[in-house]
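Before anything else, here is the set of structures, which you'll find just below.
The two complexes that follow have subunit A in common; it is paired with subunit B in the first and with subunit C in the second.
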Partner chain A sequence: MTLVRGAKSGSTIEGGLDVEKERWLGRQPIGLLFILPYVIFLIGIFVYPLVVQFVISFYDFFFAAPGADVDRPWVGLQNYADVLQDPTFQRSLFNVFVFMIINVPATVFLSLVLAYALNTKIRGLWFFRGAYYAPYVTASVAIVTVWLFMFGVTGIVNTVLGPLAPDPSWLINSYWAMPMIAIFVTWKQLGFFILLYLAALQNVPNEVYEAADVDGAGAVRKFRSVTVPGVRPATTLVIILATITGMNLFTEPYLLTNGGGPNGASVTPVFYMYQKGVEQGQAGYAAAIGMILLAITLLIALVQRRLLERD
Partner chain B sequence: MSTPLPISSEGTPAQDLEVETPPRNRFRVFVLALGAVLFIFPFYYMVIGSFQAVADKSLSGILPHPGNMTVTNYQEINDAIDAPRALLNSSIFTIGVLLFTVLFGLLAGYALAVMHFRGRATVLSFVLLVLVIPFQLLQIPLYILIVRSYGLGDTYIGMILPFAINSTAVFIFRQYFLQLPRELFEAARIDGASELTTMLRVAIPLARPAILNAVLLTFIGPWNEFLWPFLVTKQQDMQPFAVALANYMNNVAGRATNPDGANMAGGVLLAIPPVVLFLIFQKHFTSANIGSGVKG
Partner chain C sequence: MRRGLNFVLAIAAGSLLLVACVSDGGGPPESANTSRGPIEVWLSTNPEEVAWGEQVVASWNSQHPDEQVTAQQIPAGKTSEEVIYSSIVAGNAPCVVLNTAPSAVPQFQQAGGLVALDTFPDGDSYVEARTGKEIADQYRSPDGRFYQIPWKVNPVMIFYNKKLFAEAGLDPENPPLATWDEFLQTSRTLVQKGVAPAAIWPAPSSEFFQSWFDYYPMSAARTQQQLVEDGKATFDSPDGVAVGNFWRTMYAEKLAPQEKYNGDSFKDGAAAMASAGPWAIPVYKDTIDWGVVPIPTEDGKPADQIYTFSDEKSLAIYYACEHRLTAWEFVKSATTEAADGELLELTGQMPMRQNLPEVYASYFATHPDYEQFADQAGRVVEVPNVQNSTEIWQTFRNAWTSAVVFDDEPIDKAFADAAARANELLAEE
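Entry: the complex of A and B
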């Protein structure tokens, strides 16, 4: 509490000293104390693990029995070289690429259209909003149970489709496994992105729509020329967040397609990192995967930001 | 468009006066209704399936058949994973994460919004970095540190730690405090209130909607989280419901009389708390702050 008092930057006699202090620490240096718990945890569970991951990615680091004294030799860039040449890792990147090709455009398009439709006063609006948010607030694990039931070999989807049903069925089909995960995640996360767009739509001034009305623009034209540019910053955010989701898939390949699908058809990088690091105990190798994914994620986020915010 | 005002065949026109549905909106309602069916159906089907004595995957299985209804699936899942215990674990995990999220989020959000101090910009860029690099990409070092080095496997604190800081919450609070008029804080400072008093007496009482918003948005995170508690908990009596259910699906369900039904019974139990909470607080479930927060 005594420290808190110090926040008062009064007009003392040593005014010059205060100005000097203010220049170095800011007007409310006590802010440092407010931010301290956050910063401590930031270092403890983000910065430090990041450093640990970076360091062990250069070692042949594996898990041994607790207390056992084992030699974990420095291997330099060997882990990175091995990971980059690993066919399963390459496959996992390809799988994520397939995922994003489907998920990102579908997410942007559907969430914007639905948010646009929901941004109005109609009867039963609460019901519609509730419906679209429901998958988002529900655990993947819970929803997977009913998707397995619906998309199983003899499930209701195949019953309806009859001879049109894919063989092997959706989740055990090496062509369909990854697109199914993309559809599942798009459907599940859509509510969150609708929320983002709904907030963004409030920032599009009504006058612009009215001006478009005066110019005789139709509904589609107004959507394209007023709404889409008006929510541009939100679109940037939606694309970046959807991409991050794609880079971090674990639950869906693990549970929906039973541990990576047929022949690794739905293995994702994070799932592979888990397999290598935790299941097989090759933590150094898994750490190298982690560092590569980190670099890719940052690079994509950066490039997207540049491209999308150019004008 | 010369479509007449919608007057339902049974209802009187007067009933339709409260909310007019212009013709233009009919297409809107049609699209929304079509989409809503696609979003709601799996939930409906999950509930129906969880009560089926014998899994009915035929078309008529969409409707409940009294002769094929049972609560055995719920008994089966409860016997296998001790549902109350698993739900308790989920609750402790979730509440722990929420406490950290709100406490650290308020402090950090307040400092970043209304205080001027050295290093503010650096912290802000780190908050953004945490948003871009989620913990999944750090699962290996976190696993080594928390489970192997600190021996926090199968403990609540081990489950909670990686989620203790939450960038989204910091942005929500920061954005909310930024919207409050500066004069409020200046006046309190001139009156001689310390920063802590200003925050506790002025800012936080005003920030109740933001706190509710942050709690609602972060509640579903830990409640639904799978990967981390799955890595940290080996003992079944420490597993949150999502982990216990996933392990049941993968290892045990095959032996049940109706594996699909038992899985879905578990799915329903896991889904109920967030869905109910969401229905109660639907109005407060907005994201007005996230988008602008990240831009700032």
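Entry: the complex of A and C
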């Protein structure tokens, strides 16, 4: 009896340990070993810097020489308060909003339509696929130079437009600078998003198109009623990625409009963060901008996901 | 869900622990100030300066077998200052950088990256004796100490293209560029005659340092004042606004374009004039028949009373250096009268040495192109050595592009707002 009891009680303990072990390590603990390198990478490259950024955003922080005796006082939420009241930061958020209003819908629409077209059997398909993907894999610096020449005061676009060309020219015009950046980024990134949609289109069953044919649906109707709903998860991904691209915008205002010009019309939060943190050595302030930007991006992505995946 | 939250919290806690554990580390020992040994120095990427630097290093190494100097060009980056700042933070800055911008010194100093010269018994006296006390004092930090050795100066003057001037019917040997009215009229003639798309093409973009080549030389010529004096911004004044109005006219009449030129507008013949220092002579000598005049003033001051922006570069000894005495001795050997003469000979840049035209009279006799620059080198205005200087320059530049380049707001209002912000930043010190 005692033995039995003991055996019972032992198996209960072992069972309890197993449950506890499974709760922490999962059913296949070896899987943890496989993901460990990536987890370490993630902690080292993303989590650790993020936590450091969070911490220094509460200090009047600047980077200093190792061993140097410098004073970097705790300022609490002062950096956050200053950033939120900073007109340049507010302007940069507005600029990014303008960018996203143009870039996100244009990216979704053009990449879906072009992916749909490239998914059909047309002559010279390989050429079109390559042509749309080429800007994505070409270095921004090289393409920016071409755009600077094209959209300069004496560039080909203004030459063609003649008196219709804006004055000041596109990239130095307060109204046109940000839309031009949005168009540039849309065009440059299109190849990547087309690729995402092409992959998604492979998952739309042919039977659905056949059924639509039987129902007498035309090409436009099939696109609206079969293709668009069929690639909805990809659309969610494209919208979120395009939004993140917008919030992280740096290279284009840095190169295309010479540092957020004209007159701050293309300053973005990340560019401003660079100006403050690197050029002006105010790392604490720049860190606060980064944290606010992260919060806004997460919030937008969350709202988008909720809205797009409602059903 | 709860497991995921636990996981995230565990990682965050671990990271916080890591943050707490990571200190700034240790710097060089106290004995570094009196230590001798091998050192590393960085040279600018200008080919002529590299040739000079290698010569100086070779000469030093031949005489100091136990204190060898290794030289390399400043690693590539957007600006030298960003690269140097990164190396300060990383703790691997070289002992000496022979191209330290005075505008970056306050930031480097705040980061604890520079060695004060009074660390060495003859530090301050050496700088004052070589450069002259009055000019040298512009390079003292607010705490009264020197963290840089004023080295060479590139006084900004107006280069003009003699061929284009002649084509426009202007006298290429005596161009009318002394007063603002003359400068404007000459600019109109050049553009209207179609000899070049622009009379002059300073970068109209927003980078903080661009004001050194449009506003600052003219302001210096008019007032001899730095951007900040006695803890207050100086551009919010009738003089500052007058300079702004002059350039507004240049932009409004499209004599200076609002779009940045991708390349060297003067070298390419896209502009008939340029504001630059003597460093540009080797660049232009084979392609352009150029002349040079002082910065114009409203009333046409005599040339020997005109000041300009120095575009100076300094030498500095960096905190990470473990053999600072060797670094200091090397700096002195690179700034002797003979070494300065070699610098002048090889680069055409003006050493910050008293009585320059007299000391190197034979050089200037055989190089008349440089004589005017040598004369101008004695009348230069430096960037202010104050904390937050980059942000102050950026604040001013934003006001400049807004009001002067693009006419988006009145100049006096833009300058007043920028000055108020600059004064706030100055008060933070």
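The working rule: the second predicted complex is superposed on the first by the 279 of 311 C-alpha atoms of A that agree within 3 Å, B and C clash if a C-alpha of one lies under 4 Å from a C-alpha of the other, contacts with A are read in each partner's own complex, and residues count from 1 in each chain.
In this section, a residue touches a chain if its C-beta (ideal position, glycine included) is under 8 Å from a C-beta of that chain, and two chains touch if they have at least 3 such contacts.
What you see is a predicted model, and the numbers here were worked out from it, not measured in a lab.
**Q** Clash or fit: what happens to subunit B and subunit C when subunit A is overlaid?
**A** On the shared subunit A, the partners clash.
**Q** Applying the touch criterion given at the start, work out whether A:278 contacts subunit B, subunit C, both or neither, answering first, second, both or neither.
**A** After superposition on chain A, A:278 lies in contact with both partners, subunit B and subunit C.
**Q** Once the structures are superposed on A, label A:260 by its partner contacts, choosing first (subunit B), second (subunit C), both or neither.
**A** second
**Q** Let me test your reading of the model: by the given contact rule, A:62 touches which partner, first (subunit B), second (subunit C), both or neither?
**A** The second partner, subunit C, only.
**Q** Once the shared chain is lined up, is A:138 touching subunit B (first), subunit C (second), both, or neither of them?
**A** Touch partner of A:138: subunit B, not subunit C.
**Q** Output check: A:307 vs subunit B and subunit C. Expected answer is one of first, second, both, neither. What do you get?
**A** neither
**Q** Now for A:52: first (subunit B), second (subunit C), both, or neither, which partner does it touch?
**A** Once the two structures are laid over each other on A, A:52 reaches both partners.
**Q** Check whether A:172 is in contact with subunit B, with subunit C, with both or with neither, and answer first, second, both or neither.
**A** A:172 sits against subunit C, while subunit B stays out of touch.
**Q** For A:196, select first, second, both or neither according to whether it touches subunit B, subunit C, the two together, or no partner.
**A** First partner only, subunit B.
**Q** Contacts for A:295 in the overlay, against subunit B (first) and subunit C (second): which applies, first, second, both or neither?
**A** neither
**Q** Between subunit C and subunit B, which one touches more residues of subunit A when both complexes sit on the common chain A?
**A** B
**Q** Would you mind listing the overlap between the subunit B footprint and the subunit C footprint on subunit A?
**A** In subunit A, positions 24, 48, 50, 52, 63, 66, 145, 148-149, 152, 154, 278 sit in both the subunit B and subunit C interfaces.
**Q** Hey, which residues of subunit C end up touching subunit A in the complex?
**A** 3, 11-12, 14-16, 18-19, 24-28, 82, 85, 88-89, 91, 93, 107, 110-113, 197, 203-208, 257-260, 262, 319-320, 388, 390-391, 394, 398, 401-402, 405-406, 408
**Q** Hey, which residues of subunit B end up touching subunit A in the complex?
**A** The contact residues of subunit B facing subunit A are 18-19, 21, 24-25, 28-29, 31-33, 35-36, 38-40, 42-43, 45-46, 49, 55, 57-59, 61-62, 100, 103-105, 107-108, 110-112, 115-120, 123, 126, 130, 132-145, 148, 161-162, 164-165, 170, 189, 192, 194-197, 199, 220, 223-224, 226-227, 231, 242, 245-246, 249-250, 260, 263-264, 266-268, 270-271, 274-275, 277-279, 282, 285-292, 294-295.
**Q** Spell out the residues on subunit A that touch subunit B in their complex, using ranges where they run on.
**A** These residues of subunit A touch subunit B: 1, 4-5, 7-8, 24-32, 34-35, 37-39, 41-42, 44-46, 48-50, 52-53, 56, 63, 66, 113-114, 117-118, 120-124, 126-150, 152, 154-156, 159-160, 187, 190, 192, 195-196, 198-200, 202, 219, 233-234, 237, 240, 244, 247-248, 250-251, 254-255, 270, 273-274, 277-278, 283, 286-287, 290, 293-294, 297-298, 301.
**Q** Which positions of subunit A touch subunit C when the two form their complex?
**A** That would be residues 23-24, 43, 47-48, 50-52, 55, 62-70, 88, 145, 148-149, 152-154, 168-169, 171-172, 174, 258-264, 275, 278-282 of subunit A.
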